[in-house]
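Shared chain: chain A. Partners: chain B in the first complex, chain C in the second.
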Partner chain A sequence: MTTKTEAGIEQRIREAIIRALRVPGVDSSTPLQMGSTPGWDSMGHMSVVMEIEKEFGVRLPPYRLPELVDIPSIAKTLETTSPQGRFN
Partner chain B sequence: MLLNSTGASVQLASSIDPHVLLGLAIAVAVSIFISVVPQTQRPNITIVALLAAIAYYRWAFLGFAVVAGIAYLALRYLSGHTDGAKRWNWACGALVLLTAVFGAGRIWHWDAPVGSAGPIPLVLYGLDMWLMLRLVTLFWEVGSGTVAAPSLTQYVLWVCLPFTIGGPLLRFSEMPETVRPDRSLWRSRGWWAQIARSSALLTAGFAATLFPLAIPAHWPHAHVIKSAVLTFFAGPFGFYFSTAGYFGLMEQLARPSGFGLQPSFCHPFGRENISVFWMNWNRTATFVFRDYLFYNRWGRQNYNVYFNILLLFTLVGFWHAANAYWVLWGILNGLLFCTFLLWRRYTAAAKHLPLRGTPIAKTAARALTYLSVCMCWYLPSKVLQQLAIAI
Partner chain C sequence: MTSFADLETVVPAELSDEFLKRLPYLSEGLGNPRLLPGASRVAFELRPGFEDQAEAVAGRISEVAFKLCANHRPGITKILAKQDSLPSTFREDPHPLLIEQGEIVEFGRGRFGLGPKLMALTEFFEVRARQMAREFQAEPRSFPSLIGADVLDRCRYLKNFPSSLNLVCHLREDHSLLQEFARSVHWDGKQLVYNPAASSGVECLLSPSVCFHWYMWLKDSRLAHPRAITALGKCFRYESANLTGLERLWDFSMREIVFIGPAKYVLNQRTALVSLSAHLLDELGMAYEITTATDPFFVDSYAVQAAYQNGFELKHELLAPLPYSGRKLAVGSINYHQDFFGRSFAIETNDGPAHTGCIGFGYERLALAFLAQHGVDEKNWPDAVRRHLHEG
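Right after this comes the complex of A and B.
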């Protein structure tokens, strides 16, 4: 079950992705996923990563970046990443 | 190995390599043995893989074992660090060292025999392109804490697995926890259809490389035609078909033994741009380079996509072979990719472009991508030829 805080985090992630990719006409029900969302390919991926880092004030370690392929995976990674991007 | 070409052009790389046939024969034998012979009547699967590696490397096995053994000791040491940041730093150091050893070994031919034991040449070093890539992924995964350091038997099985020994790649994190052979596949029509498809690709790849030989026999003065056929048809398709066929067969042969390999080639030719081409070419290897190099910021806050692309492709070239042809090939591909990115940025900003989105533009994009890929294979050999003449 998704809590209110989790829903808030997912919404912030969604908005950060939309900002990074400049995807027009995306509503809250449109799934955002690497490979299927326009602009979210290997090149667009780094824009998404940097926008997420800016939004949450974190630094993601390089080995986590390939795992960030959709909103749930980003939320899961953020849970285990402290602001300095150190290991937990 | 198919991609381990040291020749001056891709045409040479796709000629029939006895190592490919040996690798296939071993993979077939192991696949049948593991999936058909009941577990109680055959040796442990790790021993089977070890024997397969000995058969594959023959007298070069000692060198392979020395490198794989040292890497294992380093991994055990690495996994002893409980502090994640320290472990990652050590892993990064190990990766730099491994790359340096790989490069030096290729430049100074450390894999040459250092003596002989009776009739058997003595080789004390062996780090081929696929073992190198496998070890890179393992150091990365153990260093990042994605996986724990493997036990010795797990490691031997993974590093000697006959379905990946000469490519494609199976990351350690993708290894099944328990190997469950599936003998029912031998009765599956779908599986046999995949085997037939991959075999046909492999045969077509070999045939494509022989095709240009027929031209001088019939038209001895048709140099331009021969060159064009080699550059735009026989070379690229021969290389693609033979590699895709070989990797496809490995993917299928691994399945009855209980190993799932990711597909390596997904119709790369005819794609709309160079980025999509690379997303579908030799994917198990390409994705490692993408994940570890392309997404890397080298400890900095900012990200320079052009630097990463040039570095990535130069290293991919060097990974194929330490010679001028492959390094030039890498640089050319890097420049091509950077040009594509600049073009994409320009077209995204431009409001009106003639023919944008039309079938003509799409067809032209596909044709241009294919021609560019072919030219990246062809031009280095031409440039080196001209340089040799000039000198």
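Right after this comes the complex of A and C.
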């Protein structure tokens, strides 16, 4: 079951992705995924990463970047980012 | 007189080489920059005529340090294959010995001619690299040394690596300008002196790599099946004060094997390339490491692009230790570009935009590393290489 907090985090992730990619015409039902969402290619990925980092005040090490392919995976990565993994 | 730049940030140890390599591009007046202990201060000299620019140059140095370091994400270097043992006790710099033997001549910065022994050695590399290409059923191709500016624009090379570009121009089709050029052109000891108005715009550049031509060849197409090709080319990258003997040339020879198709196909070829490259370096009797690496992207976007490349493990380098300096030299690299070139050149597969990958061997660097480890006396070289020298 998704808690209210989890839903809030997923919404913040969704909004950060939309800001990063400047995707037009996206509503809450549009799936967002690396490789299929317009602009979320190899170049767009770092924009997504940086916007997520800004939103959540974390700095993710390079080895975690491939994990961040959609909203659930980003939420999971943020959840498992230990304080030691946060550079800021 | 020595000037100093105080940095707003400490340059991390893993970035210090990358940082210092960027500094020669900051000003034509900048000489001998060095990072001082503590890694937050740079000492440098100013060449004659630039003495009044200390503050401006110091500001640029500080800006580069900030851009490289502020968004830096420490990456992990993975070692995929390794051979630690050096093949001999030879520790000399081969350059002076090769000059003495008439095996190399320096025509200018980053431009060297090779003699018969070095040619035979590079021919051996070529035979082996082509054998490797045949294992992948790679078709032989040939590409020009000139590459269209449109090609490099399409794959963002112009924006990602501006400092290494070599623009090509010709004289404009204008009889009076040609006459004036012929009357007045002369060499002033450093450069050609002529009226720049006689120069054309830039339609082509000297190609920095071999594989870009292949992607342009396939542009706007759909691949029915994965493809592999191989080509030998002259490549050109301007490296300013970093140009150092055969270690870092302006004009060098590269054999590439290039793969294009679905992601799984390209990744499988990459795995095979790591193992075949290790086998080749073993046959050459060399010490080496094959590790993950990053490209020297332009400073403004370096931190972000390097983090992506490192995180996705897109670049592997074949590093050979140079016993005379204690440094490691990249003699080749294995690159996986994901769908970057497939999207840039609109090349499709049944699974979506094509993925690409390649291996490139820099022959002059490989020859230097081989000679630095084995010595310049062919009697001490591995049997397979000596047999090739004598039997062809």
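List of remarks:
Throughout what follows, the second predicted complex is superposed on the first by the 82 of 88 C-alpha atoms of A that agree within 3 Å, B and C clash if a C-alpha of one lies under 4 Å from a C-alpha of the other, contacts with A are read in each partner's own complex, and residues count from 1 in each chain.
Basically, contacts are C-beta pairs under 8 Å (C-beta built on N, C-alpha and C of every residue); 3 or more make two chains touch, one makes a residue touch a chain.
Note that the structure is a prediction, hence the values are computed from the model and not measured.
For the composite obtained by overlaying on chain A, chain B and chain C cannot both be accommodated without a clash.
Of the two partner chains, chain B and chain C are each touched by A:Pro66. When the two complexes are overlaid on their common chain A, residue A:Ile9 makes contact with neither chain B nor chain C. After overlaying the two complexes on the shared chain, residue contacts for A:Met50 are found with chain B and with chain C alike. Within the superposed three-chain model, A:Leu78 lies out of touch with both chain B and chain C [touch as defined at top].
Contacts of A:Asp41 after superposition on the shared chain: both chain B and chain C are touched. Listed for chain C are the stretches 8-16, 26-34, 116-124 or 278-286, of which 278-286 clashes with chain B, judged after superposition on chain A.
Overlap of the chain B and chain C interfaces on chain A comprises residues 41-43, 45-46, 50, 61-66, 87. Residue ranges of chain A in contact with chain C, taken from their complex: 35, 41-43, 45-46, 50, 59-66, 87. Of all the residues in chain A, the ones that touch chain B in their complex are 41-43, 45-46, 49-50, 61-66, 86-88. Interface of chain C with chain A (complex): residues 73-76, 304-305, 307-308, 310-312, 338-340, 343, 352. Taken in their complex, chain B has these residues touching chain A: 83-85, 88, 140, 143-146, 275, 279, 287, 290-292, 294-297, 303, 305, 341, 344.
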